[in-house]
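First chain A sits with chain B, and in the next complex the same chain sits with chain C.
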Partner chain A sequence: MSETVKLVIDGKPCTCEKGDYLLEVAQRNGIRIPRMCYHEGLSGLGACRVCIVEVVEAGRSRVVTSCIYPVLSEIEVFTQNEKIKELRGMVLTLLARLAPNAEGVAKMAAKTGIELPRLAVKEGGDTCILCGRCVSACEALGSGAIAKVNRGVTKEIATPYGEPSSECIGCGSCAFVCPTDSIASERTEESFTIWGREFEMQRCSVCGMPFTTQAAFAFLQAAQAEWEPGAEQQPPLCEECGKKAVARQIANAGKYL
Partner chain B sequence: MEERIREIAQRYPAEKRFSLAVLQDVQREFNYIPPEALPLIKEHLGPDVREGQLYALATFYKALSLKPKGKHIIKICDGTACHMQGSTRLITAVQLALGIGPGECTPDGQFSLELVNCVGSCALAPIMIVDETYHSKVTMEGLPAILDTYRPGGERDV
Partner chain C sequence: MSETRTLLVCCGTGCLANHASEVADALEAAVAAAGVDAVVGVEASDAATVKRTGCNGFCENGPIVKVHPDDISYYKVRPKHAEKIVASLGGEPVKALLYRNDEKQLVTRQLDNPFYASQRKIALRNIGEIDPLVIEDYQERGGYVVLERIIREAVPPETVIQELIDSGLRGRGGAGFPTGIKWKTAAGYARGGGADADGGQLPAFVCCNGDEGDPGAFMDRSILEGDPHGVIEGLAICAYAVGAEQGFLYIRDEYGLALKNVSAALASAEERGFIGDDILGTGRKLHLEIVRGGGAFVCGESTALMQSIEGQLGEPRAKYIRSAQRGLWDYPTVLNNVETLVNVPYILACGGAEYAKLGTARSSGTKVFSLVGKVNRTGLIEVPMGATLRHLIFDIGGGIKNDRAFKAVQTGGPSGGCIPEQYLDLEVDFDGLTEKGAMMGSGGMIVMDDHDCMVEVARYYVGFLAEESCGKCTPCREGLRHMQAILTDITEGRGQPGDIELLERLGHTLQQASLCELGKTAPNPVLSTIKYFRDEYEAHITAGVCPAGVCPELTDFYIDAEACTSCNACKKACPTGAIEGDKERAYVIDMALCISCGSCRAACRFDSVCTRGKARGKAAAGAGTSAEGKVAS
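Entry: the complex of A and B
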């Protein structure tokens, strides 16, 4: 049995289960804490520090990173008081310095009412804030083609040795989750190019629309074969046709009730 | 070499948490992490480990190197105390004597030079560590004699 914990977020009384992450608890209670590296489908990274909040516990106050802060006891939380606004402004300023061309940072600053110092935006300048969301997505999907490489000022997101990775399946999840759209990819009718590799597209077996790469589809089929050994392999279906197929199955199942 | 890397990997159970230990052993054996090593280590450690993760580890830790290193690794401390005691002169002297800068390796593969931060022996500054031997209070006059012992045929060149 899990324990229930009471907490107050921005004056609103809430409850959660012991160990739930603060950012998610706030979200469930209608309070959206600004964030950049956190993604609903992945575990908290605590990398961007945009989601910092003030936590007061038994009269003692401290600033925590809400996406990786488990609520363990009764606390009072402030997600946008003056102190937090100032600190979050500092965090966003540093992120903007790191990646002056990252639109995501500018948008986040505008959304949270923070004025960024004017920075010289250079053509082709950096857009990556090194949050690692892409790496996390790649690992979560079971590929792991990219990683955070080097450290300090030379840190970057790259494939091993900067070479096209044999583990990459061209699913494009890294580019999809990137909060600053900093991963370059190119998609045509026939191919998808990312991390220095070109992938052939897989067409839907019903409508013929290219919907993923052949490598990503083969990867999914192999994963399915592992989860359900002996199960019938699904034909390649795009999202739309896949939904229709499921709907038809459900409709047919109804007939026999 | 591949056989040797496999042997090193197999000293450890096939679990992700042994990634760093295997990399350290490979580093010790070859003085660097050869490009062939990562796929072989991954193969042994199992599906939880990705090549990207191993590459991230190998580039994160200073103790691991992706570039080949010399037979003898000279580490000169450039921490505050050593710096005050003239470590920069020492670095220049080694550069002049061997023709290599920090992070480089001599063409014959005999020496590589690295700068390190404080090694905790400030009273003995300036410190120069060659392989596992600490040379303390190194002077410009004493340096050539120390280096000679590590040259081919020298008493420490084993």
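Entry: the complex of A and C
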């Protein structure tokens, strides 16, 4: 049972289902709210605060985080008024000082027009903006090889005790979702190296192309066995060949219709 | 001796550190030796009983021993005093152990002691009066009567909740949210009466927040240690009201005695059937479990605390949907502070309307504060809401130490604010403090005098918060890092024009854009000191002078030969041996050895140690002359 809610975003009347996240509602209506830690595939992190907007509800105004703000009632939203420009500009400036070598961040920060040379670049700061996407991706997969360690200003992303993680399966999801390409990895025909560990590649049983690591493939198979006990184990297939196999199945199934 | 006497020995953490346990042992031995029947905890006629109680709040004068029913209070009792005390029972009190009031008169009764005279103990009603490990002690003072009545009479939960709403009780954990409303919301969602109503009863949870991460705060610890049954009864009533069968007491891991006493109290409450599988034979259930806190300040924040109970990383979550609707494991959950809960049985006993008469219109009841810093009497106090800062600091606290000048009072814990002298008559309640840029927080109150530098104070708290922020969101983590760096620069003489405005801008960003209340309130110490002591910031930045004579990089110390009495206190206090002098030769500080730590000034009782802006090369020295001179006064 879903309910429709009306809202106005930057003057544009919109509707959505009750509980939809504001950032996504805006996007569907052609309004792109700047964001950094948000990722379609990961549940709301709400960490970077780039996506903040002003929401006025029954005359009361507050600043909310649009990527995790569920629209529950009639509201008016301002995604880039003066107040939000200042706050988002400050947040981006802070991120740029944290990760001086992250190009995308630098570009977004430059556009805000805020120049505060008094704010020092973080010592040892490189490209990581501590958004937490990588940890979230790893957790979502069920692996948990990396984690946020320490609190406050010393927070960082690392493997347990900074050692190569035994939990890591070399799937590369973390590097894939990283918005600033901060996770170093190296891939050759035979191996994939990440977080200080080297993994052997798994080849496709049809075309012979290496498509994931053997550890990641084994992990997925084990997970599948858990979801569907007794189900037939699938042979290793790369994305291309996997699609073809599915297409063939569908085509074959059609024959008997 | 013809009457039964009870010797109540304060065994709160503070007094225990001063050997209260040995005092209790010695008293027991003395009672036995005196030939009176002296089985601990058992009162026989014509006997004296020794009881170990929770904290009386006046720890600096501990160990405290009270004699009942004579109402005699002894302070700073040592084991060697035991015999004298026992011998005096029924006769004249032992004068040497009595308190001297501000007029230097000896006082016998607790309520004649100015520290206690105007306190009104509700949350602390049982502490210091009962042995927390003896459930009968609690019951003798009316404990579990309310819980038993509402369960036996099957009082409708709505009636209980309405009583609480009528009382006007607001959460003592900091935010001041009305407790009754919180319960009502959770009860509504649990009974399927919420927005997603489908009629079915949902599981609900109740939690007690005993994380108390504020450095120096110990009100919740004292309550958990000294009256664990009061908290348990409050939580059990809450569970009854919202229909929960499972509850958690989240207690800071370092609170060893609190953990021990609460766990013992849970066992005896279960034994008596007040909690457990079949409460008082009614078939009703309530399981209460202790969870040890993760040890981080931020774990006291409601969503982080719930993450932690669920076994996840204690990081705050967005709070667009209240925990009363979706809390622990996404079920309706009530989280209340220790002090909030211990008020509950009292409120239901006396009635909500009666309770609401106490305090101010917007904040009813009493509040426990930990009064510390530069006051003559420090400790844990409970007063009705609306008491003025002046009353707390000058009447209860006995004024500023060494008769120095009051400068500010920092309230509300690390992310509280500093309130200056012009607001000493402010009536303390939730809204009054917030309006002045400070907050109630959990009730910490640190008094500062003219030897405290407000920039340094701000730097200290920002440093604490920079470490204790969970580090999840950008404004809080990065903003605090920059604020800390700028404040350090200012206190070390590297401040730049524009720094004050930049701090304000960063502070505004944190307030508006942070994810949780830690980040949103973290700028308070900075913004409130800028608001009330802007000139002090300016003096650091433009003149390179710390007017309070605190910041070592900006301060030189010297001894005023005229005022000096050659008492030698400064020389003894100096950690580097920089002070030379004796009865014949004037005392002087060797600047080559001096590290500007201020120990000499703190030790001097004659105001002879003075400060001036640091001579930093010729130019700086020249520029600093206007600000030089005897700053101490």
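Simple rule for what comes next: the second predicted complex is superposed on the first by the 238 of 257 C-alpha atoms of A that agree within 3 Å, B and C clash if a C-alpha of one lies under 4 Å from a C-alpha of the other, contacts with A are read in each partner's own complex, and residues count from 1 in each chain.
Throughout what follows, a residue touches a chain if its C-beta (ideal position, glycine included) is under 8 Å from a C-beta of that chain, and two chains touch if they have at least 3 such contacts.
Computed from a predicted model, the values in this text were never measured in an experiment.
With the C-alpha superposition on chain A as described, chain C and chain B clash in the combined arrangement. Legend: residue contacts after superposition of the two complexes on their common chain; A:150 is shown touching both chain B and chain C. When the two structures are aligned on the shared chain, A:132 is found in touch with chain C, with no touch to chain B.
Once the two structures are superposed, chain B and chain C can be ranked by residues of chain A touched, with C on top. Of the two partner chains, neither chain B nor chain C is touched by A:60. By the touch criterion defined above, A:118 lies against chain C but remains apart from chain B after alignment on the C-alpha atoms of chain A. Common to the chain B-facing and chain C-facing surfaces of chain A are residues 147-148, 150-151. Remark: chain B residues 35, 38, 50-56, 59-60, 66 touch chain A in the complex. Partner chain C is touched in their complex by these residues of chain A: 44, 46-50, 52, 63-65, 68-70, 72, 83, 87, 90-91, 94-95, 97-98, 116, 118-120, 122, 129-130, 132, 147-148, 150-155. Here chain C touches chain A in the complex through residues 296, 298, 313, 315, 317-318, 320-321, 465-475, 477-482, 484-486, 496, 498-499, 502, 505-506, 509, 512-515, going by the rule given at the top. Listed in rising order, the residues of chain A touching chain B in the complex are 135, 138-139, 143-151, 159-161, 165, 167.
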